[in-house]
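In the two complexes that follow, chain A is the common piece, with chain B as its partner first and chain C second.
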Partner chain A sequence: MSTDTTPLLAIRDLRLDFVNGDRPLRALDGVSLTVHAGETVCLVGESGSGKSVTALSITRLLPSPPARVVGGSILLQGRDVLQMAPRELRSVRGGIVSYVFQDPSASLNPVIRIGKQILETLELHRPDAANDAEVVQLLKLVGIPAPESRARDYAHQLSGGMQQRVMIAMALASRPKLLVADEPTTALDVTIQAQILDLLRDLKQRTGMAILLITHNLGLVSEIADRVAVMYAGQIVEEAPARELLARPLHPYTRALMDSVPELGRDVTRLKAIAGNVPQLGAWPTGCRFHPRCPKAIAACAQHNPELSLVEPAGSSRLVRCPYWNS
Partner chain B sequence: MSLLSIRNLQVHFPVNQGIFSKAHQVVRAVDGVSLDVEPGETLGLVGESGCGKSTLGRAAIRLIAPTAGEIHFDGRDITRLSSGDLRPLRRQFQMIFQDPYGSLNPRMTVEEIIGEALDIHGLAADASARHGRVAELLSDVGLDASHANRYPHEFSGGQRQRIGIARALAVEPKLIVCDEPVSALDVSVQAQIVNLLRDLQDRRGLAYLFIAHDLAVVEHISRRVLVMYLGRVVEGGEAREVCRAPKHPYTQALLSAVPAVDPATKRSRIVLTGDVPSPINPPSGCPFHPRCPVAQARCRTEVPVNRDIGNRRQVACHLV
Partner chain C sequence: MIKRLFTRLLWSVTTLMGTAVLTFLLINVAPGDVARVIAGPKASPDVIKAIRARYHLDEPLWKRLGFHLGQLARGDLGHSFVTDQPVSEAILSRLPTTASLASLAVCLWMFLAVPLGVYTARHQGTWLDRSVLVAATLTLSLPAFWLARMLQYWMSYKLGWFPVAGFRGFWHLVLPALTIAILAVGYYARLIHTNMVQVLDSAFIRAARARGASESAVLFRHALPNALIPVVTILGMDIAFLLGGVMFTENVFALPGIGTLAVQSVFNLDVPVIMGTVMFSALAIVIVNLIVDMLYSWIDPRVRAV
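Now for the complex of A and B:
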């Protein structure tokens, strides 16, 4: 982690609504997240938990309306993104923070050769390096064989894994400090997923950039993350160093989520499912958001929503949003 | 006797090129697969996208016409039955689809969706019998009878998948082909559906052909498993054995690529280079040889046959 005291990214108490008619729907409810330079942080959650909304709001990529930030701050290298003028914001997008999304075939332009698309990014962010040699260099960096001829391909001529490599090359073209990867391997097969994870790990070593990986797959956490934050219904319910969290999940949701995943070679006759469904936006339960599905819920859980607070199990310090984590 | 028995099944799709041309090339989606599903058991079918597992699952119950090979269901050859002759038999084999959003008609209520299956096969004497049967089926899959008058959009993904299961169960089938039934669901809900499928199997003696790309799910639910690559079966056997000691280099790589939640599980990762080749123009010899870390000269020319290696295991590899 960084010796610099200013974190690369510091989201503080972010609250965000989607305005639907005259009724605002709360999507993020006090999200705080810090990413230091060179660190890999995983944001884990199920659909509708707000993980992608968090990722997109880092550079205000959500269209407004319907999205509306109603509180909190997003500090990128100490500067508040929420206060930035459009011009400054443009230099941040791609310049400091780059994105890789889930579906590479939808993210690439189908009628422009991929080399040209990478060149566009270079022209925008590093005009002095905007040449074919640099494009080939980037394609080589992400492990695309025969980069000279591949640069002349269109997106449809590449497989899904290769398309995702191109997306990563494009994201890296501007030499970002933070790469936000939103479910980058979800659309890919497992053998290709393994290739992309190896690539991300290797690139992080070589470029020293930080990675914020958004995923629903807890398996990826142990593969790549230094630190992990678990989201449920618009809030972070637990945050910890990856190893500690996986070895000892403290929040009942994290525990239940880990138990519900079938693991290879694990001889269980019955999976431990979580009862009920993920609550929908605008229909979050009162009190602790997880209490209707929580196996350990008591009457008090329905009354007030607990704070994300620092606890100290066995000498380590961890953040958890459950006062009964120890019971 | 096997409930479903498939011998040397081939499904080829013609690829049309240009405006006037005839079909010049074919996609060999399924290229000579044999399998047996016993009554009441689950056979898992795993493989990456494009390996032909879904095509095989659909062809097995004649939703896609096979190009060659034989399909026997309950001792009867259904390979070339006309659709009229097939219809009464369809009661016995049903299907559950991957996308619970796309597989339910948005304009029909749950009662209409499930009741339609009853009507087609004449299984409900009158409206009240039909109503009662729908309520019964809903409670079997863990939904409330009061849900019958709602529309699919009022349900979450997991609940919709339960409706799809209830629809399949309505005609009391012996076999259900489950095509990626949990891969569109949230992790916490996935386990509910897997458990439900197991409970229903125990109670009703159903057989499943369970198609998935997630090896851990398949290992969990299946007794036996077949691993497919480019339209062929490369390995098969008891699910636990195949996952514990894979023989085929592809299965080994596939298993090693599954990320483990538990950091104590150390897998030495075999990262395959390259992508799955096109089934239009599959590689000569063993279809896996261009990506295989241990390929030899022989693998490039000779197609390995699927051999029985004892202990109910089969492998298609020269080097095993």
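Now for the complex of A and C:
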């Protein structure tokens, strides 16, 4: 991966609060994440770890209030999203960064024909291509049969898998540089999940766009990711090339996550789960945030929160937020 | 679709039948001798007897009910006791007045309520949002006859901006329509506000923003049509009520509408007219409901599929 050019997306030390009354709750605490052009990055973590908040922050989609960025920067092709005026921000949304969300049935407007909704994106970002032929072309691209007649359908007339394909078609309409897919397969049947994943991989190859895939499912990582970042309690705890991370997870949390994935063919009597619960927003433990659930925790872990630092001996690009990863 | 229309029609007829029977029974148990009212206080017993015979008032109740229903089925509402004018003619001649008053009132309040509802939903907690909430509560609890009299006194009598009463053209409709609109606008602004707040929170709104849609496109193209779907039902009911006659407002401004006709007929114990106006209100409600029902499948594609 070449790093000498400006990265497509560079989130630096992002800190974000949710203001609830006069008590701000920290949701992101120093998140740094880089996505290069054409790269597929997976952001993995349990619910409430801050991965969706990170994804929405990229184009400031979180309503403010209650969300408030208190520090850091988000550079998109070198431009700081946090400094953008509304008009510029709108051209970025759907233009450079497109989104596919978790629940496709709720993400499509129920009273507007899907073709019209795709056309809207085209009008906003590629006005010269805003015509029915291009809409049909996009529907065909995402594998929707009989696209001419489907374009006149409403969302409720399509199955969940088809709805997600429409969402993807809409996201691709502007030919974005980065597709942020926030749990795109969670609301779908398992067989459909595989189809959607195949589609994303195929489209990535064809368009050369980068993908930031948000998921709690480590199984997806091996399928699609170049690089993985693991989030826990508003921080990234490990970041590594996908193959290396899957072969040898370093952070105790990543290991626990991988242990909790049931393996096919192995005789499993009881699913392994990580003891304890994800800490609530605003109730993060002092020291290392994972230490109350960590099987290897020692007294020092409760004292101070370790930095996310490069793993020395490997000399690679692996980052881990645990000084004892080697023990 | 055809089947739904058919069942709806069947229900409508049943509703109308029920209304007819109920009004007939109510009027007959109410005190007051109709024959004596028609004949006047000094009439001789013979005259009263003749009148009873003419209007079949001496027949048993069930027979008269049957006769009444049969008449209704033929579309005949009978003749006024007072003027001898056919009741349907009396109602139809007053319908244009009431209908124009109702349309003007509806236009006025929707014209105000939609922007207010949308704006306050977008800017929750601002002073305008709070003022609309207070004003809505206030106007909702205002009595119509008081507001009508106040507007009439200040805007017509004191300021001379509008004609005081009667109906000789558009300007005579403005104050009565304003009265009705003021009473309704707060309620509708809040209704639209609540629906908008709910819709603005949905995933498809976030998706529209994520595509780079402008704020006005988000509000008016994506959110408002969804927020107005539930409003249509209530608006339909209110239009139906207005068509049935706005008793207080029409009376205060001496508008020759169905409301004044209804009130007059009650004072005169003009039974056919009373029953006629009630039947007309019921018919208006039934028809508007039918229209709303059909309209629904047009504005909400999800209903069409069912």
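Basically, the second predicted complex is superposed on the first by the 312 of 327 C-alpha atoms of A that agree within 3 Å, B and C clash if a C-alpha of one lies under 4 Å from a C-alpha of the other, contacts with A are read in each partner's own complex, and residues count from 1 in each chain.
Criterion: a contact is a pair of C-beta atoms (placed from the backbone, for glycine too) under 8 Å apart; a residue touches a chain by one contact, two chains touch by 3 or more.
No experiment lies behind these values; they were computed from the predicted model shown.
Colleague: In the superposed arrangement, does A:R23 touch chain B (first), chain C (second), both or neither?
Modeller: Touch status of A:R23: no partner.
Colleague: Would you mind checking which one, chain B or chain C, touches more residues on chain A?
Modeller: Partner touching more chain A residues in the overlay: B.
Colleague: For A:V111, decide between first (touching chain B), second (touching chain C), both and neither.
Modeller: Touch partner of A:V111: chain C, not chain B.
Colleague: Output check: A:R90 vs chain B and chain C. Expected answer is one of first, second, both, neither. What do you get?
Modeller: The second partner, chain C, only.
Colleague: Which chain A residues qualify as touching chain C in the complex?
Modeller: 59, 61, 86, 90-95, 98-99, 101, 103, 106-112, 120-121, 124-125, 154, 156-157, 167, 170, 174
Colleague: Where on chain A does chain B make contact in their complex?
Modeller: On the chain A side, the touching residues are 46-47, 159, 161-162, 189-195, 197-198, 216-223, 242-243, 246-247, 256-258, 260-265, 267-268, 270-275, 277-278, 280, 293.
Colleague: What residues on chain C touch chain A, complex-wise?
Modeller: Answer in residue numbers: 202-204, 206-215, 217, 221-222, 225-226, 229, 299-302, 305.
Colleague: Contact residues on chain B for chain A in the complex?
Modeller: Of all residues in chain B, those touching chain A are 48-49, 156, 158-159, 186-192, 194-195, 198, 213-217, 219-220, 240, 243-244, 253-265, 269, 271-273, 275-276.
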